[in-house]
Each structure stands twice: as structure tokens, then as C-alpha cells.
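The two complexes that follow have chain A in common; it is paired with chain B in the first and with chain C in the second.
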Partner chain A sequence: MTAISLPPGSSRALDRNFPAYIEIVRGRLKVAIAYRQNSLFLLAIVVVQIFILKKVWTALYAHQTSVSGVDRHALLVYLTIANIQGWVLQDPTVSRYMYERVRQGLVAFDLVRPSGFIQQMFAQLAGSTLSSMMFVLPALPIIYFAGTLGAPASWSAAGVYVASLACGYVITMMLMLIIGMIAFWTTEILGLTMLYRLVSQFFAGALVPLTFFPGALRVLAEALPFQSTVYVPVAIYVGRLHGLAMLQAIVVQIAWIAGLSLAAWAMWRRALFRVVVQGG
Partner chain B sequence: MPAAIRVQDLVKEFQRPRQRSGFVGGVRTLFTRQYDSVRAVDGVTFSIDPGELVGYIGPNGAGKSTTIKMMTGILVPTSGTVEVAGITPWRDRERNALQIGVVFGQRSQLWWDLPLIDSFRLIGKLYRVPQAQYQRNVDRFVDMLDMHEFLERPVRQLSLGQRMRGDLAASMLYEPRILYLDEPTIGLDVVAKESMRTFIEEMNRESGTTIVLTTHDLADVERLCARIVLIDHGRVLYDGGVEQLKSKYAPHRVLVVQLGPEAVRDGRWPTIDDAFLAGAEVAEQADGVARIRFETARTPVHDLIAAVNARYPVADLSIVEPDLEGVVRQIYGDRVPVA
Partner chain C sequence: MPTDSLTSTGYGRKVSTPLWSLRMAWELERAAFRGQLEYRLNFVIMAFLGIAYQGSGFAFIWVVLSRFHTLDGWTFHDLAFLYALRLLSHATWVVPFNLLSEIDMVLREGRFDQFLVRPLNPLLQVITHRFRMNVIGDVITAFALFVLAANLANVSFTPIHVIYLVLAVVGGALAEGAIILACASLSFRLLETWALRFLIDNVYLMFGSYPLRIFGAGISWSFTWLVPIAFVAYIPSSVLLKHAAGLHVAPAIAWGAPAVGFIWFIAAYQFWRWQLKNYQSSGH
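Our next item is the complex of A and B:
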């Protein structure tokens, strides 16, 4: 066996081709506009979900203003923002795109391009996030009525929220990349992506804040990376997480970024090895 | 002059899990996996000079695509070496990527949901083609391949012929020195094929692009290639000129003789006797038409025609040259089946 130099990205000068990434992002936006019915439909589902969650939680709070130390208004703001954020950041189309490329053998083209596959996928993810944002902004008035929008707990909470959201975004991207790469082994990931969406949404605290999770479930949720994508930033926004606990949560986010990047990198090496040695 | 592509003792083995039949067999496969090793490419050696246009042909499963995948750097060989303009493709993928163009007839590198021109723009950026050069190439290719009409249309709405023209143009936008074409004309109609061939010919002639063409349509090869490398069972069977191949495997021409109506005696056509046609034989004859096989090296055409003319009234004569397809059919037909 000949020695293999992996992964691509070995020639550093070629690595950062921003004009090409911008072109990919633009392409994604155009695709999103072309398929706007899909995006609008998904957005409608999210709005309905926010509305239902609001009704359910309002009923649960009927005779008290605070449950387990969480007041009603903060909770409704939390649920609204968590769900919008989850929708904007977690567009499944890119994992599906990756899976399609692997399944149809189109990765062959990605491997003979001067820009790495992973970089191209990140540009795709960034493009899809931007397009989701584009749909959410005009929908904000509707979301305001369906759910509850409120200001962040404080100016500093708003600032830290943005930083924590950025970390959460990177974690989401890494998780999507890992899910997408599973296609190199199984060639079928649709069921898996559905399961992933369900599990990640639940453990991210998009339906029920982690605060209300019973003992064992809470421990499990905190051991998983999903809480770092939604619960942590939004809890910071509403002021539920602050002070030392907030800093700790951000350190955990950064650790997840490091760990998942390593995992994704190792996985990519193996995935490429599979293509390269065993054939697409 | 250093070779553009040098392939030396190239071998690629694949491990395939052995399938057992039936349910019990399927369950057993899950636990004890046995692998069969298949040699798709088995010691291939050839070298291609800059500016050559070489046909790389062979029957299905001969190992053509596997070789192309190693030359492009997608696959790593089990042993042997490949050098493309001095670069080992799978070691230095990205530098290699900049100097090669690839078209796989069965797959498309274009962005499915977007207008064709958007894929061109993306490729221009990926390969950092300067704006002026990019524009010049797009204009030129759009003219050559007649793509005005569908340039702004999403790729998913294009016909196969239009899409393939788009793919071919995309692979040349950044002016690679080497172009690999894997079945570029598969499934195309005559007109689309012709426009693809003209484009390939011009890229080779005007820009000096080195081209390796894999195809099952031997008309592509006859039209475009001076040289072919023919492989089967992962080995090179023939490497050389198309004309030499024909004279080696098909030294025969056929003289078709149509006798004049005055030859009919008692309502019957005469039988042409080949006893006096030195070196030639009558392959078949019926209703006054005879097909006479002869070797140009042994029997000069004019002697043969003179001999026929001297004995029979002839209404018409024509000579049929062997075509590459007949030659290749003969070579494939002769091959030893592998158990």
C-alpha cells in the first residue's frame, strides 16, 4: 500500500478561496428562493409549533406565575426564541445534499476540485443559514403574535448571547457534518437524519427547557452536545443562565467545538480513505 | 519532451465481501466476512505526450474507469505509479486538480438547481480564473457549443445533450492542460455528438490540451484519435495507431462486385470462381452481387479488378474498408473468457 497524504487541504495556499465560498453561499440563496414553498412550509410548521407550545405552557402555568423558579414570561420568550433559532440554524438540506453527493458518486467531482470538500460544505451550510434568516425576518410579526417575543435580560446578556449563539452555530455545523459523513458508510441516512432531528431538538431544550428535565435525563442532556446549541444561548438571553454558570456553559461550548472538530476531522480522513481505497 | 501522463505497472485490487446466497447465507455474511480480491487493473503501463488525443477503450468492466479514477487522483492504486505533468495525482490532489479537467458522461458536475451560467461562475471562482479570461472562455464556448438558448435555464431542466455540452464547457473553463473524458457522448443524438466532437477536436488542436477519451462509441475514436490504448481484464492489449491496429487485426478489404444484367444465362446469375483471383476469396455471392475478400498487401486492388473485369460483365464495383468497430468486435470476440 502506497502512503496516502490526507486530508485534502494539504496545499495551504489553495485553502482559503473566499470568492468561491461567496459564490456557493449565493448559489444556496438562489436555490432557497427557487424552492421557497418548502422553506415557507417549514417556517409555518415552526410558527404553529411555537403557538402550540405557548398554549400548553400557559395552561400549565394557569394558577401560578413561576414553576421551579422559572417565571412564565421568561419561559415563553425562551420557547419562542429557541424554536426560531433551531429552525434557522438547523437546515437539514445540507446533510441531505451531502448524502446525495455520496450516494450518486458525485463526491468524485468534489475530490478533483482545488477546494476541499469540507470547506465547500461549510459554505453550503452558511448559505442555507442565511437563506433561513431571510425567511424569518419578514415572519417576525407573525411569530410575535403566535409566541412571545421579549427583550434580552440585560445588555450584557445580549452580548454574551451573540457569542454563545456563534459557538452554538459552530457546534450545529459540526454535528450536521458528522451526520452527513455517515453517508460514506451507510449510503442511506434519511431515517437517521429524522431521528437526529427529533433527539437533537428534544435534548437541545427546544420543546422543554433543560431546567424542567428530571434528574437522570438532566444529567444525560448535559452530557450531550445538543444543549450547547439551543438551551445555553437562549437561557443566557432570558437571564436564566448568568454569572459563573454562564461562563462555565460557554467553556463547555468551546470544549464541544474542539472535540467535535477533531471527531469530524478524523471521520473525514476515514471517509476519504474509504472512497480512495475501496472505490466510490 | 517529458510525458504529460506516465502510467507505470499500475495495479488496483478491490476487496469485495463474498456474498452467500439465501437467508442463512445472508446471516452468516454478517458475522464471518470473507473477501474476494478482484484485480480491476493489472499492470497497466503507457505514456502520453503533451498534446496527444488518445482513445482509451475496452469492453465493459475492462478497468477503464478505474484507471481514469487513479489518473485523476480519486483512487489510490494498490501498486504502480502515475505521474500527471510531474505530479502524483493522489498525493497532491489540489495541485493536480488545477491542471486537469474531468467529464464523466454519466454524472454531472453542474449545480442541479441553478442556471447553467451559475455553475460556470462557481467553477471560474473555484479555479481562480481571472475575470477577463473567464469571460473570454465563456463567450467562446457558448458560441462553439451553441448554448445561448439554455445558459440561463436551471440544469435540472436541460436535455441530456444540453447538459453534456454544459459539462464539457465547465471542464475547460480554467484551461486545464489535461482533459479526461469518460464516455462524454453516451446517450447523445447525432447532432449533439457532432458538436461535442468538434469541440474536443478544437480544444486539442488549438489549445494543445492533452486528452484521454474513454468511449464505447468507436466513431468517436475514429473521428478524433490517432492513437488508442485498448485494455481488457485490466491489461493493455494494444497500444498504437488506429490505422496500424486495423491493418494488424483486419488486413482484409472487401471488393463488392455487382454483375451486369447481360451476365444472366438461362435466367441464372453466373457463379464467380475465385480459383483465378490470386490471393482473394469470394466470401459470399447471391443475385449477381459478390463480396470478395482480399489482402491489400498480397493482392493489389487493380489486379483484382482487372481479373474480375476480364471474365465477367461488371455493372458496379466498390471497396469496403474495415471499420474500427469490426476490428474491435473481432478482438473482443477472440478474447479468452476469464472464469
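Our next item is the complex of A and C:
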């Protein structure tokens, strides 16, 4: 158990284990290529969803170009980018991978490895994000016709979008880590991961931008971390969020990173004592 | 032993009748269901998940229509009815046939061997060997939404409409099931088709829950005649909600919608039987 007591995130451990993380990422890419057929079908669902959203929203707007101050073109760009981004960043297979390691007792081997368990999981997440990107980039021409792609509102919007996207990615990672860690207590999280995907997709604003949420639902959506993963960065991209409101949203993102990291760290401290290796 | 002596006991003939097969399948399904009921917590979680999954699509329609009021002339009540009718057809399909989703595993693990040596149609055995509890969530959501939507929407419930509705739900279930069954049949050759079936499931859910014509003429035509999505709920609910004037098919075809599902399913079953010949045991 000495391996785990290495201070998490200590720079020396990171340097030494760096080749190991690269291998994990490469392993993920290989899995994605080996099962490319499945990855393509899953990507097709996202493309179909983008197409449906475009058609439904176009029909909803009827012949108006703007509703409640939301420009139709900007909305369609928002929906397209939000769904691509959601697919690239939110690969549920990592929570599932964690759950399977815990359930089959294989987590024991992960724990005695020289690199920390959490770091291994981050490498897994990074690998799955890269492999999703590998599929999305060649699909962009199809997505262009299925949905609506457009340039960011301005150069500064593009810059802030990248920063906000990075924050959103960290929040997504933390949430997935927390969901995955629940497996240490329950050893069963399949239902939970599915529920998480539904709830997070809806409250992240991937189907309806938060602007159109009715009163109480909007208050709830703004109190949850999910809006910081998709709505905030993409709303900045299309220029819906700007000025003071944009800065405020980024401060909220940073606060969520701090809060969720703390929660994940506290959970991890306790999770180690919960490890039950079945039949190990 | 000559087959004559088997049939002379009366046993052989009994085995071969479709009615006996159905009774047997019903008994197996009941046993599988009772087996799953033993895991009570899992039952509750899976049912809840089914409700959340099917309800989330409805939440989208509700949130959007609370702001925009109509979608191509369809009000929230109309859309709720369309959504509920599709879900009802979907539930009618998945309750008996949900286990088709495990066909990949059944084939790869060689479990299909035992289905071939038992005196019951292998397809019936595949779908009754276990029961997946999340479909109960689909059923609960389907009925709850349907009762709600039928009260909200302006639907005429004359006897002829009720008969049409019942036939349309069964026909819709078969129209969805035919494509899933055909795809599952490909597993005999490809061994893995779950992602493709997941895609089909989503295409039915996403295109089937809206008035099809908003997607344009090409897609309306394709999802009527190439893939029978329009016949699941869009055409029947247009008839029942008196939106039939806006349909892309003639009234006679709209009223004949339930038959389309039956025809597709018969064709899909023939395809299954044809693909069955490609089964290669993984070795036992």
C-alpha cells in the first residue's frame, strides 16, 4: 500500500510515471480503433441528434429569426457545438471501467502500481477524449451538413471559450471520478451512470439552452455543476455570454473545480478503506 | 424411433403446434420475470431508470413547448399524444422481446446450442431465457403518459377509433421490432450488432417522436417506405388527432398503417430463419 501513499500530484511521481500514462492513453486509442465499428455507430447517434435538434428548432422558430433575444443561427451553432463537445468530453466508459475494476476485484492490481489510481483514471479519461476526437474530426464535414457550424462571435470570444472549455473539462473529469468512486461503496453503479448521463445532458443545456428553461427549472439548472460543462463555454463561443456575465460564469466554473476536487479528494481518502476485493 | 410412434402418443403433435409453443413461451417468460423479482432493490432501480430514460425525452418537449406553443401546427397536447403513442408501441415491443438485446452474448458464449436442441422455437427461447427489469419503467411511463396525453389532447374515441388505436399500437410495435429483429439476425454472421441496434433504437425514438414532415420530404419518404418509422406513431396519431390532412400519404394508407407493421415483421422473421443457418457454435 506504499504506492498509494505517494503524495497525489507530486511532480516527481508524475515525471517518473509519465511513460506509463502515455501507455494508458495509447491503450485507449487502440481499443477505440479495434472497436471502430461501435464508435462510429455511437458517433452516428450524436450526428442524428444534432440533425434532429436543428430541424426541431428550425420548425419551432417557424419564420422568426430571433426569439427572446436568441438569434436562430447562433442557436443552431450553439446546439451543434454543444453536442459535439458533449460527446468528446463525456465518455461514460471510464466510470464504467472503474466500476468493472472494482467489481471484479482488479482494482487491487491498479492500487499496487507505482502510479496513483486517480492519475491512472485521469490518463484513461484523457485517452478516451483523444479517441473521441479522432472520430469527430473526420466527421466534421458530415456534422457541418447535419447541423450548423459557424465561427466564434469574436477573437476574444474564441480565446475565452478555450479557457472556459478547459474548466468545463476539469469539472467533467471530477464528476466522472466521483461517480466512478461510488462503486467502492455500492459495487454497482451501472444504473447510476446511465441516470447521470441523462440528467447531466439535460441540465448541461445540450438540448435546450438554459435561456429557454422555464423559471424554477432554470434556478435549479444554475445551481447544478452541469451548466458549467457545456452551456457556459458554448454560450461564450456564440457570444450569448459576454462582459460581466461571462466573467461571473468563469468564476463559478473555477469555484466548481475547487469544490468538486475537494469532494473527490475526501471521497478518495475514504474509498481506500472500502476496497473489498471479491475473491481476491 | 420412427416419427409415427411419437405422434401416435399424441405428444409429438402437441409439441409442434404454435399454440403449445406460445403457452410454453408464456410459462418461461413468467418464470424469468419471477426470477428477477427476487432482486427487489434492482427491480426498483431499473424501473426508475426506465422511467427517467423515457421521461427525459418528454421533458425536452415540455420545456420547449412551454416557450414556443406549437411545432409545425402541433400543440404540446398533440405532441404529448404522439410521444405517448410511440412509447406505448415501443413498450409493447420490448416487454416480450427485450432479451433480443443479449443475442450477441448468447451467440458468442455458445449458449445458443441449447436452444437448438430443445423442442421450442429458438427465437422464443432467446426472448424468454431471462427478463430485463428496466422495461417495466418503459411500461409505467408509457401508460402514465398515454393516460395523461389522451386526456389532454383532442382525440376522438369512437369504437372504430379505439379498434384502430389498438391495432396501431400492435402494428407499431411490430414495425419497430421488425428492424431490430432483422438487425439481431445479422449477429449470426457478425457476432456483434449491439451498437447498430442502439443506433436503430435511437433513430426510432428521435424521428418517431416528432411530426415527421419537419425533417423534409426526402426523410419523410425514406422513413415511411424504406424504414417503417412513420407507421409507428406519426401516421396513427395524425389520424386520431385529425392532422391527417397534413400527411404525406393517402388517407387509405393512413388507415391501413397497422397492417404495414405486420407485413414488415413477417418479412423480418423470414430473414431471421434464413440467417439462422449461418450459426456456428463457439464450441462446447
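Simple rule for what comes next: the second predicted complex is superposed on the first by the 259 of 280 C-alpha atoms of A that agree within 3 Å, B and C clash if a C-alpha of one lies under 4 Å from a C-alpha of the other, contacts with A are read in each partner's own complex, and residues count from 1 in each chain.
The rule is short, and it goes like this: a residue touches a chain if its C-beta (ideal position, glycine included) is under 8 Å from a C-beta of that chain, and two chains touch if they have at least 3 such contacts.
From a predicted model like this one, the values you see are computed outputs, not experimental measurements.
By the touch criterion defined above, A:Pro114 lies against chain B but remains apart from chain C after alignment on the C-alpha atoms of chain A. Using the contact criterion defined above for the overlaid structures, shared-chain residue A:Val67 touches chain C, although it does not reach chain B. In the superposed model, A:Arg16 lies in contact with neither chain B nor chain C.
With both structures placed on the common chain, the touch criterion links A:Leu106 to chain B but leaves chain C unconnected. By the touch criterion stated above, A:Arg269 is placed in contact with neither chain B nor chain C. No residue of chain A touches both chain B in one complex and chain C in the other. Chain contact summary for the complex, chain B toward chain A: residues 14-15, 66, 69, 72-79, 90-98, 100, 102, 104, 107-109, 111, 113-114, 118, 121-122, 125-128, 154. On chain A, the positions that touch chain C within their shared complex are 37-38, 41-42, 44-45, 48-49, 51-52, 55-56, 58-60, 67-68, 191, 194-195, 198-199, 201-202, 207-208, 212-214, 217. Interface of chain C with chain A (complex): residues 45-46, 48-49, 52-53, 56, 59-60, 63-64, 66-68, 71-72, 192, 194-196, 198-199, 202-203, 206-207, 210, 214-216. Across the complex, chain A meets chain B through its residues 1-2, 4-5, 8-11, 14, 17, 19-20, 22-24, 27, 30-31, 34-35, 104-106, 108-109, 111-116, 275-280.
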